[in-house]
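Before I ask anything, let me first share the structure, which is written out below as structure tokens.
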């Protein structure tokens, strides 16, 4: 349609018109496709040593979504729950499984779309060497601190329960990680259940690991860090979600293929030295995207995995603690897991 | 003191202010307190009426009903033939506490009334200057009231009332808080203004001497409920010619009248 | 005034003494370095965040964010609180219908309802400004109401006797009479707002001096925490001084009436 | 009297409207229980907290823990603050020495130095009470100082002329004259202490009404949060009322 013959008859004019219209239509298609994505995405994140920090630090999320990303820093999974309930967060990166179980039980409109990591030994009971704690009953009469409402809290209480210890025998204190390290350095507490980097600071200041995680995992106290997406967001912008998960996978690849390079980027984001970042990262079991879709974890659409049961048993525990009112059916947790975007991201 | 009524001298003897069967009660039900009962009192333009009586005899209530600050429960108060319906600029009011506006300068306080009426700054500057000059406050025009002495504050309060050219000046123990010397000076100044302008004044006072000395009429009231015991004509205010207050106050006739009023008050207080 | 000025050297001395003691404690290793950073470290931290910012935000941005939230909430509270308080002072019916809510709200620690505000209004500045508004508003409204109720009756009567209408009485007597009380209320409210602004930055904030302090304590950067405390203290002093000067200028008759 | 009864009726009407709005919003399904719990949930939450408790402590025990902290912080803060303020008002050099610190501390947000208190004083009751103490101290110091400043010189001269010693002037003239302002300061101080309570209970809690609200808030248990806010509000009203009553008894001449 480059030239229009001036002497052209009606037919050619019509053709030309059609062609122009077609071109205009074609021209709108790419624009439409972009309009299908959101202009702005609110993402809640933690300042932590994780591959997610690579995607954030390199600006990948901005690149793949072409949207303005509003990064909202949070200090706890509870804040993500509140923010999603308030409608001001679309995506929560790194939320723990305990707050997620609470959120799903309370009907907060989000879905688990990704298992960032299986926490495993990265969160662990750390005891003061001088306190001479060798077996669980040695904790009787001692002070143990943990950030309440966290995955660590959940596992600590699980540890006490499976060992027949009541909260009357062991004093459990609610301390944020920073305050916890300060209290430890002053000698106010004898043990703590917490994650990195606080954990490594405790170890450096006269602490040692009291291994609990393997037995607790076997007993069903599985804890994980997740990515959750606001349900309405996931439904409206499935493509965008897929792109974001792809970026997340790419970040994980950087860590597995070039750990040193990854540690450098992550350290800068989290404000620690690359050595510390690397040591912290080595403790996590980053569940490879393909593994996430196995029945042991999230499963696939129509074939829910066992992670829904993990969430439900976490919720049961939280209900016993009165943190939530009641535990919904397994179906609620199964519906709260959406594996479609991850499946597409792997295609 | 400055002229106030524009030389507007009303015909003496004509009824100017009238209280007709005025009664005021405070509270309601069991807590009813009669403050005034059956007050009937007329006075003419140019009269200087002083009201005396024991504490709680309703002197202030009487003044407030004329000022329009409160509505009588019975009877009517009228001025110049029109019943009083709320306060107005035709009645200037001066209290024992000057009640000046501390956020305004001396000039601002003096020009308060004209300002309310929307007079231009220039128009009111002249009146204010004239008034402030006569009471010796002109050089303080840019100061604030709290920078003045008690006597100056009270003078300013009187100016604030006079600037509005009221038909009648209502004063509730205006000199009560002043020292003896200032008080006497202020009495003289007030008297001069009254004589020069022929303005009507209602003065409420504790001091019998002040009442007998300044008033053309002295009204004695009794307490609980407030009633008028007697109205006495006093000759000293209208005495023509130069006079000194010392002399007047030691005249046998003055002393006799003062004693008479005092004994009336004593009697009414005892019953 | 000359009296207090003649002792100013003592104030300078005591502040100098404080810094001297700080220096000595560190120099003589009387306190573990991780508990009390030295003056030099705090100074270095100041230079560092002045030049490089703290985690990507400059000190000015943080100070501006905190001040903006603080003043936003405060000004909003004043705009709503003062007229409402004045109206309550004039109308006993309105006062009876609202007073108990204000009485209940006033002592509430703002942190207790922060989570609800985030739930209702989201994580942005709206919920933060709302928190500060709610913290300041009852104090301001109640002060303005007390101001109206405490207006000298004789001043009103004096104005009426100068021929003032009801509206003029309100404009020329009631309003200025309320000023001292209202200003006192505003000063208390500003103090409340300023101490609450840090609480507002406790959750879901990504800038502000409060955020800087919390974030620094998360990484146990005691030097930045201490620096933040010093900056906040000085800023608070400056704010309350500024409002006090405004008060003394506006209410020049305070204490002399 | 009638006027008063009529106003009382307005108050009741407004309360009724508020409750009606609450009922319509919650039972009418306009607002989820997460945002605003309906009355029955709130009542259940209250009964649950009162009988069974929250994390091993009943509501009453949480209230007690908080009241104890408030009491200790307020009492120490106002006593020390008032003594300091009296000295500052009476002797200029004392004022010059302490004014910079009092002025610095007064507007300082307590949450900002919370971390430092934890580092320096630990996570026990001490740091909580010190935080409240530091909140109350500057407020009452400034009030007491201003109280002394505003004592009328006349009264002091009268006392001197009657042969009062320096101490007697202070004890019998300065102190009683400053009392109304000291009490006004105490009322502001209790407000500040109260507002700081939750900040104090962020520190290593497992008791206290403020900690309970924070912890329940983490799981968005709005019913517990609301019960907590209501209790803390009523507690505040009661404390303020008690202080006003005490003030009326001791400083009966104030405002007359």
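The first chain written gets the first letter, and so on, giving A, B, C and D; residue counts start at 1 in each chain.
The rule we apply is simple: contacts are C-beta pairs under 8 Å (C-beta built on N, C-alpha and C of every residue); 3 or more make two chains touch, one makes a residue touch a chain.
Everything quoted here is computed from the prediction, not taken from an experiment.
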Contact-count maximum falls on chain pair C-D
Farthest chain from chain B by C-alpha centroid distance is chain A
Dist(centroid_CA(chain C), centroid_CA(chain D)) in Å evaluates to 17
Separation of the C-alpha centres, chain A versus chain D, in whole Å, is 40
Between the Cα centroids of chain A and chain B the separation in whole angstrom comes to 84
Distance in whole angstrom between the CA centres of chain A and chain C is 38
Touching at least 2 other chains, the residues of chain C are 34-35, 115, 119-120, 217
Chain D touches at least 2 other chains through residues 34-35, 115, 119, 217, 220
Residues in chain B with touches to at least two other chains are numbered none
Listed in rising order, the residues of chain C that touch chain D in the complex are 3-4, 6-11, 13-15, 18, 34-36, 92-93, 95-101, 103-116, 119-120, 135, 188, 191-192, 194-199, 202, 209-210, 213, 217, 222, 225-226, 228-229, 232-234, 236-237, 239-240, 255
The residues of chain D that touch chain A in their complex are 32, 34-35, 48, 52, 54-56, 115, 118-119, 122-124, 202-206, 211, 215, 217-221, 223
Within the complex, chain B is touched by chain C residues 152, 154-155, 157-165, 168, 172-173, 176, 179, 252-253, 256-257
Per the touch rule, the chain A residues reaching chain C in their complex are 42, 44, 47, 71-75, 79, 82-83, 85-89, 176-179, 181-182, 185, 197, 201, 271-272
The chain A residues in contact with chain D across the complex are 76, 78, 81-82, 85, 99, 102-103, 106-108, 145, 148-149, 167-168, 171-176, 178-179, 182-183, 185-186, 188-189, 318, 321-325
